[in-house]
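Next come two complexes, and both contain chain A; in the first it sits with chain B, in the second with chain C.
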Partner chain A sequence: MTTYLIAVLTEGAIFGIMALGLNVIWGWSGDFDLAYYGYIAVGAYMTIVLTVGPPVAPAQYIIGQSLPYPLAVVFAVITAMAVALVVGSIALRHLRGIYFSIVTLGAVYVMYVFAGQYVPLFDGYNGLSGLFDPMGDWFGLDYFSYQYFFLGLSLVMFALVYFVMSRVSSSRFGMALRTLREDERAAAAFGRDIYRLKLKGYVLGAALGGFAGALFAAYLTAFNTSAWSPVEVIVLYSAVLVGGRGNIRGVVLGVLIMGLIVNESTRFLPQLPLPGLSAFDTLHPQVLQAARGGIIGLVLVLFLRFRPQGLLPERRFVDRSPATPAIEPAPLAS
Partner chain B sequence: MHAALLTLGFGIVTASILALSAVAFTLQYGVTNVANVSHGEILTIGAYAAYLVHQRTGSAPAAAIAAALAGGLIALAMYSSVIGPFIRFGASPTVIFIATLGVSFVIQNVLVIFFGAANVAYNIDPGAPQQVGPFLLNALDEQIVISAVVITAALFFIISRTKFGKALRAVSQNRELARVTGINATRVAAATFFLAGLIAGYAGFVLAESVGSFTPYFGFGFFLITLTAAVAGGLGRAVGTMVGAVIVGIILEVVPALPVPFVGGYISASYNLAIAFAILALVILFRPRGLFTSARRTVFE
Partner chain C sequence: MSRPTTGPALEVRGLSKHFGGVIAVDACSFEAPLGQVTGLIGPNGAGKSTAIDLVSGFKLADSGTVLFKGREIQGHPPHEISRLGLIRTFQSPREWPGLTVLENVVMARWDPGREGFLGAITGLRRAQRAKADDELAQARDILDEFGLAKLRNERAGNLSGGQKRLVEFARIRMAAPELVILDEPMGGVNPVLGERMAVAIEGFIAAGTSVIVVEHNLPFIERVTQHVIVMAQGTVIAEGPFESLRSNRDVVDAYLGEQVR
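Take a look at the complex of A and B:
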């Protein structure tokens, strides 16, 4: 039970960082970015190749350094930001709406195909492994105490990210990003450099994704193409949407709810064999996973239709400054 | 030279299937102005329906009809349960894009629950390869190409000569104006989805036949290539999409067969998706209205 609770909380904290990063791109800047899971993957892959040392044949991968974990995380985040800068500078310049989504979908599939097929990069389909308990030996931790240590680390990092994001949310930069979501032309008319602003937001979001990926790699100890698929990002989108797009408190609520659904929803599935389907077995892990996926997709569609603002909607900003009174409409001549 | 002609032959088969799928996608886009991301699942469901019927009856024509009907019904269901209500509710095209992505996720997972995620082998005796002009095609390939030509010819007859086709074109060009002239846009859109679903379901059947196996995710992978063809040809334009599909289909078969300059060796066919998306990104960035218009690039919203 304790092991289960530790796993759920650690995953929740990492998932929370991912969702907060996505919230910058989709919640504030308003772009439906399908490449986001690619940045998580870049962060995870880079962390591993920077910490586990040179490859032992037949495995092959780039870099192969044995840096300390925190330093590797920094480089991994920088790499994720660099990739996002390239994708963003192509996709954000002229494209909006579904054209932006389609190009980012293309970008993430290119990353996915290369990670899975081009063996010299990250050992192709086999992926990378061997990142055991980073920083554990610094404190002389054994396998069990390490679980608590890593949980604490994830929670502290999540709290840190939450704090920084709550500051960004009410900063000028956060406000400016929201104006782009609401009305790009108006923002341009007020002298905002739309492209640079959007690109900044995009790279900031990707940095959080890469950071969460670096933590995720340490949690999983390994990473390969079966650990991520571009459509996994739907789970993150449903978390942001259910909680309240643009509101970081809402995003955290969404993560809690989706985490609950992901981990617990299948507990109450009826264990009835359906007639005529011999392969149907509600206890099979594949079926459980598919049931979760189906529920997540359904939640996404229903929320988009019936409560697109989420459970904790973003507060509308109202200009209360008394300096410029609204112009009174002239009384109608009678 | 001979090898190049052989791959060109395979390219034509791929292009035929792609043309069916892309024209179905573009019809849906035309009448609703939204991209149906769950389009790939129409193909997947067509493949499963064909497989189940083929197993029970042993007849390929019955399987083809089942695939088309299943595709038509699921496309109609997508329109009437998700896309139509979202449009009436005033959702933006991006929101509907996300919603249909969710639908696609749901359908894939429901299929996994019922049929498992493993590959389903769908082996049909393709017949001995024979020389057709310069190409080497087997009976199955011939059937695929001929049926694609027949279906598109029928489709163009429907679009250009029938009253329904006229209504379809009117709704595609200007939904509001079409409604003002007394066309029931919702009904035309629903009928168009059914028609597109028939074609896409059949495309799923021939794709499964030609690949020899399928999974619940197989339509989604093909949808990504379909999207490339449709965007290259110009979203919502039937004729352009057909040409786009032929070009993309041939590129996808020919490029992996070309030797890589300087390095030597060949690009693996697994990079197909990456190649398709490279084409897609270039088209969107430089010719967002498709390859066949003179319109300059614009900001899309």
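Take a look at the complex of A and C:
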């Protein structure tokens, strides 16, 4: 049970960072980016190739360095940002709405297929492995104590990201991103360089994605294409939507809720006291497995229909200064 | 801030734009003086809105020059033109609907030093905070002036059409540009509010903001200015005080079917 709890909390912290990054792009800038999981993957892949040393045949991959984990994370984040800069500078220039989504979907499939098919890059579909307990030997940790260490590390990193994002949320930068979401022509009319600002937000979001990917790689110890189907991003979107798009507290709440649903539905669905269910599950285990996607979809549909602003809607600055109008405003009707 | 009070704020020379076979703006030339209100009128399809889009950088001209305070701005992107001090509004109010009225006004001022990511992280510094407080106080004063103080925490998207127009005017006050181009500010506005907007335009002039008003509502134009430019079929056909235009044959012809009072 303890192991399970540690796993849930560690994953929660990592998914929390992922969702906070997505919130920058979708929650604040307002762009439905489908390439986001690609930046997580870039972060994960780069962390591994920078830490596990040169490849041993028949494995093949680029770089093959044995850098200390924190340094590898820094380079991994920079790489994710660079990839996002390329994708963003193409997709954000003129495209908005569904057209932006289509281009980013194309971009992430290019990344996905490339990582899977071009073996010399990240060993194709075999993927990379061997990132065991990074930094563990610095502190002389064994396998069991390392779990606690990594949980602590993930939580501290999550708290750090949360703090920075809470600053960004109320800053003029965060507000400027929202003016783009709300009406970008007006934003341009009042001096905002739409393209640059959107690109900045996009690269910032991708940086968090790459960072979360770097932690995710250490948590999984390995990474391959089966670890990141591009549709995984829908789970992140549902977390942001359920919690409250644009509200970082809501995003964290959404991660907790969707994390529970995703993790627990597959565990507990077979145990539901329905006659014949467990026998059915033994015969066709993939059906209840697939029900997970159905449940996520159902939650998404219900929220979009009944509470599109999420459980904790984006909060606005409320000015409580006792400003009393000098003259009573004339009634306005038009 | 001292600003020159003579000379043209805006000079448009030979501006042209066509969409496919339609010539929307055809070798259009006019000037708008500093420190005054200039009216720009004309029947539907005269090319007024396209001319504004060209001047403000939202559309690219085929040819011609646009000088703002003597500086060529044609071909510059909208945000650069805005930063130089020329701000335009749109035919339908373009508030940021999900932000509050107060936030709409505060964010109308572009602040290069604080809008980057680093600015977000260093926002705790005292100087930064003081600046933000100043801004907030100023925005409150402006909202007070426009009778919007009670609505300041309301999301701008929830306001009525007329109130949104006022928010737009409040944003202009906050941005304090050298020239503002108002694109049909009277669209969907009742006469009482119209008078308040006329007063607000006088306030812009007093604050050092020159004004160009594009409008179909001729009484409103007559109320706010004597200097009127008439456009028809993509070009300027007449210019001068309102009285002279009333007897101008070209203007009457251009407006045939529309009421000139």
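One rule holds for everything that comes next: the second predicted complex is superposed on the first by the 293 of 334 C-alpha atoms of A that agree within 3 Å, B and C clash if a C-alpha of one lies under 4 Å from a C-alpha of the other, contacts with A are read in each partner's own complex, and residues count from 1 in each chain.
Rule of thumb we're sticking to: contacts are C-beta pairs under 8 Å (C-beta built on N, C-alpha and C of every residue); 3 or more make two chains touch, one makes a residue touch a chain.
Here the structure is a predicted model, which is why all the values come from computation and not from measurement.
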| item | value |
| --- | --- |
| Chain B versus chain C as contact partner of A:Gly136, first or second or both or neither | neither |
| Which superposed partner A:Ala291 touches (first chain B, second chain C, both, neither) | first |
| Chain A - residues contacting chain C, complex | 164, 167-168, 170-176, 178-179, 181-183, 185-194, 197, 200, 204, 314, 316-319, 321, 323-327, 329-330, 332-334 |
| Interfacial residue positions of chain C with respect to chain A in the complex | 56, 58, 77-79, 82-83, 87-90, 94-100, 102-103, 106-111, 114-117, 119-121, 123-124, 136, 140, 143-144, 147-150, 152-153, 155, 160-163, 166, 171, 175, 188-190, 192-193, 196 |
| Chain B residues touching chain A - in the complex, by the definition given at the top | 34-35, 82, 85-86, 89, 91-95, 97-99, 101-106, 108-110, 112-117, 220, 224, 227, 231, 268, 270-271, 273-274, 277-278, 280-281, 284-285, 288, 297-301 |
| Contact set on chain A toward chain B in their complex | 32, 90, 94-103, 105-107, 109-110, 113-114, 116-117, 184, 231, 234, 237-238, 274, 277, 279-280, 286-287, 289-294, 296-298, 300-301, 304-305, 308 |
